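Reviewing the structure listed below.
We just call them A, B and C in the order they show up, numbering each chain from 1.
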Amino acid sequence: MLVFSRHTTTALAINEDEERLLEDVKVHLEKLVPSSGTYLHNDLHLRDVPPDEPINAHSHLMAMMLSTSEVIPIADGKLALGTWQSILFFELDGSRKRTVFLQICGD
Amino acid sequence: MLVFSRHTTTALAINEDEERLLEDVKVHLEKLVPSSGTYLHNDLHLRDVPPDEPINAHSHLMAMMLSTSEVIPIADGKLALGTWQSILFFELDGSRKRTVFLQICGD
Amino acid sequence: MLVFSRHTTTALAINEDEERLLEDVKVHLEKLVPSSGTYLHNDLHLRDVPPDEPINAHSHLMAMMLSTSEVIPIADGKLALGTWQSILFFELDGSRKRTVFLQICGD
């Protein structure tokens, strides 16, 4: 099964769905890509953008550190995830309505 | 061909299988996600876990920096990897018996 | 559609094709994996390599931070990318002739 995030500031990962680990992911990403950092993409006055364009270069960069597409095998009609694996979806630029595409390939 | 790691503390990458580069990967991941760092997931007394639960938040975070699923094209009945490409499997929380799922899709 | 980079010093990402953001990606990767860093893979005198072997451990490590394979759904005969999504291809060890493999799976 293909899982595909249709956004540039969200990301997927397949890992353990443990609430404290998910907090660690946030801290880790913020360390790698500080939201308070200086990014060219955030110079909105130098870009042709709508008035509500967000300051979110860090969200894009964080997304690229994780995944946009994951393919998960199906065996015996079920997702063949490992015991501790879940499909995680991260919103890296705040919460709003998002679309994730699922597609099953094969017989 | 789909290659899928069924664990949350292992990861895949497709890159060069050169022993010194593999050492560089270890050093690099340790720099990005220090195993001696402070992680909420490691506060075992605040979680409902079995007595042998490992201290391995860094292993999970490292795994998310690499890949869980990779899809490799097949052409003329062979994996169409580039000259220097190999499928690399990283154990990020010590060595033990692991399962990697392979599935071939198509005609 | 499978998109697969056949090189160990190039990488894919699916994100926004905005020129200032692409500059941010370069700066970000250079921060995570400094090209001036010390890497075992760069000790060419300790490896059996051709005379023109490049000094490019950082390029390999950067590639592993991004993606080698991405799978993009097709719906109604078109790539079902999100509004801001593009398929980005990064050359992390200079520019030269490169091959990206595309394969469409399904009916």
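Points to keep in mind about this one:
Note that a residue touches a chain if its C-beta (ideal position, glycine included) is under 8 Å from a C-beta of that chain, and two chains touch if they have at least 3 such contacts.
Since the model is a prediction, treat every value here as computed from it, not as a measurement.
Superposing chain A on chain C by their CA atoms means rotating through 120 degrees, a value rounded to the nearest 5.
Both chain B and chain C derive from one sequence, and where they touch, under half of the residue numbers involved are common to the two copies.
Taking each chain's centre as the mean of its C-alpha atoms, chain B lies 18 Å from chain C. The residues of chain A that reach two or more other chains are 32, 65, 67, 71, 105, listed in rising order. Within the complex formed with chain B, the chain C residues making contact are 2, 4-8, 32-33, 39-41, 43, 46-47, 57, 60-61, 63-65, 67-69, 71, 99, 101, 103, 105. The residues of chain A lying in touch with chain B in their complex are 13-16, 18, 20-21, 23-25, 28, 32, 65-67, 70-73, 75, 80-82, 84-85, 105-106.
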